[in-house]
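For clarity, chains are labelled A, B, C and D in written order, and residue numbers in each chain start from 1.
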Amino acid sequence: MEVGFLGLGIMGKAMAINLLRSGFKVTVWNRTLSKCDDLAELGASIGTTPSAVIKKCKYTIAMLSDPEAALSVVFDKDGVLEQISNGKGYIDMSTVDDETSTKIFMAISKKGASFLEAPVSGSKKPAENGQLVILAAGDQELYNEMVPAFDVLGKKSFFLGEVGNGAKMKLVVNMIMGSMMHAFSEGLVLAGESGLDQQTLLDVLDLGAIANPMFRMKGPAMIQQSYPPAFPLKHQQKDMRLALALSDEIHVPMPVAAAANETFKKARRLDMGDLDFSAVHKAINQ
Amino acid sequence: MEVGFLGLGIMGKAMAINLLRSGFKVTVWNRTLSKCDDLAELGASIGTTPSAVIKKCKYTIAMLSDPEAALSVVFDKDGVLEQISNGKGYIDMSTVDDETSTKIFMAISKKGASFLEAPVSGSKKPAENGQLVILAAGDQELYNEMVPAFDVLGKKSFFLGEVGNGAKMKLVVNMIMGSMMHAFSEGLVLAGESGLDQQTLLDVLDLGAIANPMFRMKGPAMIQQSYPPAFPLKHQQKDMRLALALSDEIHVPMPVAAAANETFKKARRLDMGDLDFSAVHKAINQ
Amino acid sequence: MEVGFLGLGIMGKAMAINLLRSGFKVTVWNRTLSKCDDLAELGASIGTTPSAVIKKCKYTIAMLSDPEAALSVVFDKDGVLEQISNGKGYIDMSTVDDETSTKIFMAISKKGASFLEAPVSGSKKPAENGQLVILAAGDQELYNEMVPAFDVLGKKSFFLGEVGNGAKMKLVVNMIMGSMMHAFSEGLVLAGESGLDQQTLLDVLDLGAIANPMFRMKGPAMIQQSYPPAFPLKHQQKDMRLALALSDEIHVPMPVAAAANETFKKARRLDMGDLDFSAVHKAINQ
Amino acid sequence: MEVGFLGLGIMGKAMAINLLRSGFKVTVWNRTLSKCDDLAELGASIGTTPSAVIKKCKYTIAMLSDPEAALSVVFDKDGVLEQISNGKGYIDMSTVDDETSTKIFMAISKKGASFLEAPVSGSKKPAENGQLVILAAGDQELYNEMVPAFDVLGKKSFFLGEVGNGAKMKLVVNMIMGSMMHAFSEGLVLAGESGLDQQTLLDVLDLGAIANPMFRMKGPAMIQQSYPPAFPLKHQQKDMRLALALSDEIHVPMPVAAAANETFKKARRLDMGDLDFSAVHKAINQ
């Protein structure tokens, strides 16, 4: 199976390598073209523009850093739109907002081509190990055709229905995660201030019904008041805001998420936006 | 090793059986004495009063249903205090509040005996399988002597320092659990109302960094709006209240726990106190 | 002084009458032209289109029902833009959002004319009695020229600086009001449920440091669980949302407003959106 | 009419003077007896102990600084209990908790005497001007007999029913006040950070439906970040805690009070407990 691949950042490069290693023929493009060299050594072809990749391949996957990049690759000169057409499929795996995703979807559809938004859950390590979770939404036929690629890239993929549902599902998950991190931080501070050993709290939690990888991975550093950025607090806060905005539209009360969001805002006020989102612990603890 | 065992409710009976099966000599007592028969068949001796058990055994474990029962067994006629003395140890594994625990501790100490509070995390199943988590606090020497018994009863035991720390540790864990359950419920309602499949949300959560046994076990029933009581909501609310009271004394801000508690209160107002604590989902959803 | 006046709803009609009675020459327009008749009897001239009014008058005040009406009067055929020009002033006293206000401001400026946004605080009664509070922002010279008219319409007018500040000031005030109403409602329910007489609570409040017209006016009806719509709950909730969105942009934590907003959302979920915003009491009380 | 008066602190002295000036015969006592001299000059008799005052007077009013002083005056040697008896009345106007009030009530009742708790709303100024608000509860006959004195001491007195209701009413009022102060503080910070003039916000508020003496009196200092203690933040926080505890018992959800309380706790954590309760503004603003 032949696929195009646009965007060779940390995530995209790891994903493209996995496709190559699993026997896919891959044509890659990256804004800084020299980044394609490593892939070429592993057998990839190189496309000099997004439109060149689209022209060559029936299916093209994009993994860009943000909404601006995702839009630029599609709408700018030499972009996706110049060559996309009936019979081709475009799969955007970048994490973008609902609006960006819909804008790209509309433009691709107008050209008669098929579209999937397919944001992923998981960062560098899962990308390298083909252990991503893929939240796809849009054209179901295209989803079915992409399953072999998704099986290489992730441990599991979901088809969630209409475009926008992938982004929404990510918001719901990240909202729960933000509130949990806040509750966990409250627990750590309460334990510490009431004379309990915080490491023991981590051990007790890890043996019970709410044991989870996040507490396990982040807890020890948090006790040391260390918050090396994996998922920046400002992004977590943005996701809380967007989830709350979604809940506001449809009148779903979310008092815990709302309370958590206010501390994330406070943390940004205290210049912790670029720390890991676990730094909400620091804002509570100060 | 010989131990006394006071209280053969669901938890106590399973625990006493495990001790017998592992070769401990056990003398049991229960308020309704007939409940001792099954244990006698497995080789247990029977004590007709708490004081008789204490007199016979160097170590006595109690597993009573609530603070009233825990106090009654110690202070009433034919109770623990009548025979406890220097050289003996009393281990109360009931879940009681800090104050009750301290009252029992003071009385036992006055008699020259040793005391451990040792509440457990885990319910019927873990009790049967010897998979409890034991949160012990009080006399460290007594703890060391009890480790062989704790190894039979639980997958892990902790010594947490002075009397009261066992109860506090349980509060911290349950507070985090209550807030998590609230956040999870918000997520389920948000997903449902915004057109996402709730079962898919469960599947996505279970593959990610916040996957945990509680979401896995409770989620499917919650989607069905079914909340069969395992841990009653009114007890969860009480633990939220006590954790917040503790945080109030020592000035630890816990806005998420506070917000969650208000919904648990609302749920009690709506007569959901005897449902499972996952019924907070119902209060949000109505 | 001669002014144009666009929009003769409940508010606009009362305001135009006050101007006429104070000796202003007024040319009125309303979408349903027949509504101009009462004003004509009091001495007003009638303009058949917004552009006709603008052409005739150096200053034109608009008091429209919502952002759509405010935009339509300016941008549609026979609208304000067709005749507005250098030397003329346009004063929009409608309550609109920041974005709408800015859009109108830009279009008016492009034509070389001056602009003020001037939303008011106060409803029908204060409009009739010339007791509005006017929150003006935009062109300071135009503000100075309009002071004689503002003195007729309101008990006080403020010049708040750049366009957008009028809308923001209203948001801040309404946010405080929404949180206060929520706190007041909590107090009423707490008093009632703990056996205190609610009317007595009103009397006590009215004698103390937090006595205010809102508690005085709304309290007695709230005790009767009556919420006749003066300021609809859905509008209050929208203002809470917008104030929270503003605070989110600039990282100001507002945990009380956030908590209040969640109950307002809940109230809308329970179909109370068209009741008075004091119905948040009903949502707490149920 | 003759009354005894125990306690000549800032409040008590002002109140006793008012009684004297209105023609009451007053016998005063104070722990530091020299403080009685000023009153003697105005015509008061002096009692050397609380019991001496009780013996002499049919009615005795107490105005002590805190629960400890209120209990000591009643229960200690030479205290109220030694002389109180059938036919006499004891009126405790100190601000104490429900439990303290009930303890005193029980002891007084046992002696056959009548009791009123009658905490006041208002501080030094209103005490001097006879403008207190009196929240009486207990023996209704005694209340009726005391009305002439209450009319001198306050602008209004209420009879609230059984002992405990006076304390509860104060809690409800102070809870609303604390939440309002929090909402007001959020508004001040939001205005400041979004480029609005904070003094103008005060002016606008003071012209509208939520205008109240507290905003008017505290606002200007708060803008200057000055919080001279009138009602210490730690006392406000304690009242929030007690009001929340009351609501918890009877399952009344109070999410706004709960959110406000967390910031008051935070402020205490940041060592602002001895500042005025308006310093919650500082905690939000930092």
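FYI, contacts are C-beta pairs under 8 Å (C-beta built on N, C-alpha and C of every residue); 3 or more make two chains touch, one makes a residue touch a chain.
All of these numbers come straight from a predicted model, not from anything done at the bench.
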Same-interface partner of A-B, chosen from the options A-C, C-D or B-D, over half of the pairs matching: C-D
Chain copies touching (subunit C, subunit D) - same or different residues, decided at half shared: same
Centre-to-centre distance between subunit C and subunit B (centres being mean Cα positions), rounded to whole Å: 56
Centroid distance [mean C-alpha coordinates] between subunit D and subunit C, Å: 39
Inter-chain centre distance, subunit B versus subunit D - centres from mean C-alpha coordinates, in Å: 42
Subunit C, residues touching no fewer than two other chains: 247, 252-255, 258-259, 262-263
Subunit A-facing residues of subunit B, complex: 121-122, 133, 135, 155-156, 158, 160-161, 165, 168-169, 172-173, 175-177, 179-180, 182-184, 186-187, 189-191, 193-197, 200-201, 203-205, 207-214, 217, 243, 246-247, 250, 252-260, 262-263, 284
Subunit D partner contacts - residues on subunit B that touch it in the complex: 241, 245, 247-248, 251-255, 258-259, 261-263, 265-266, 268-269
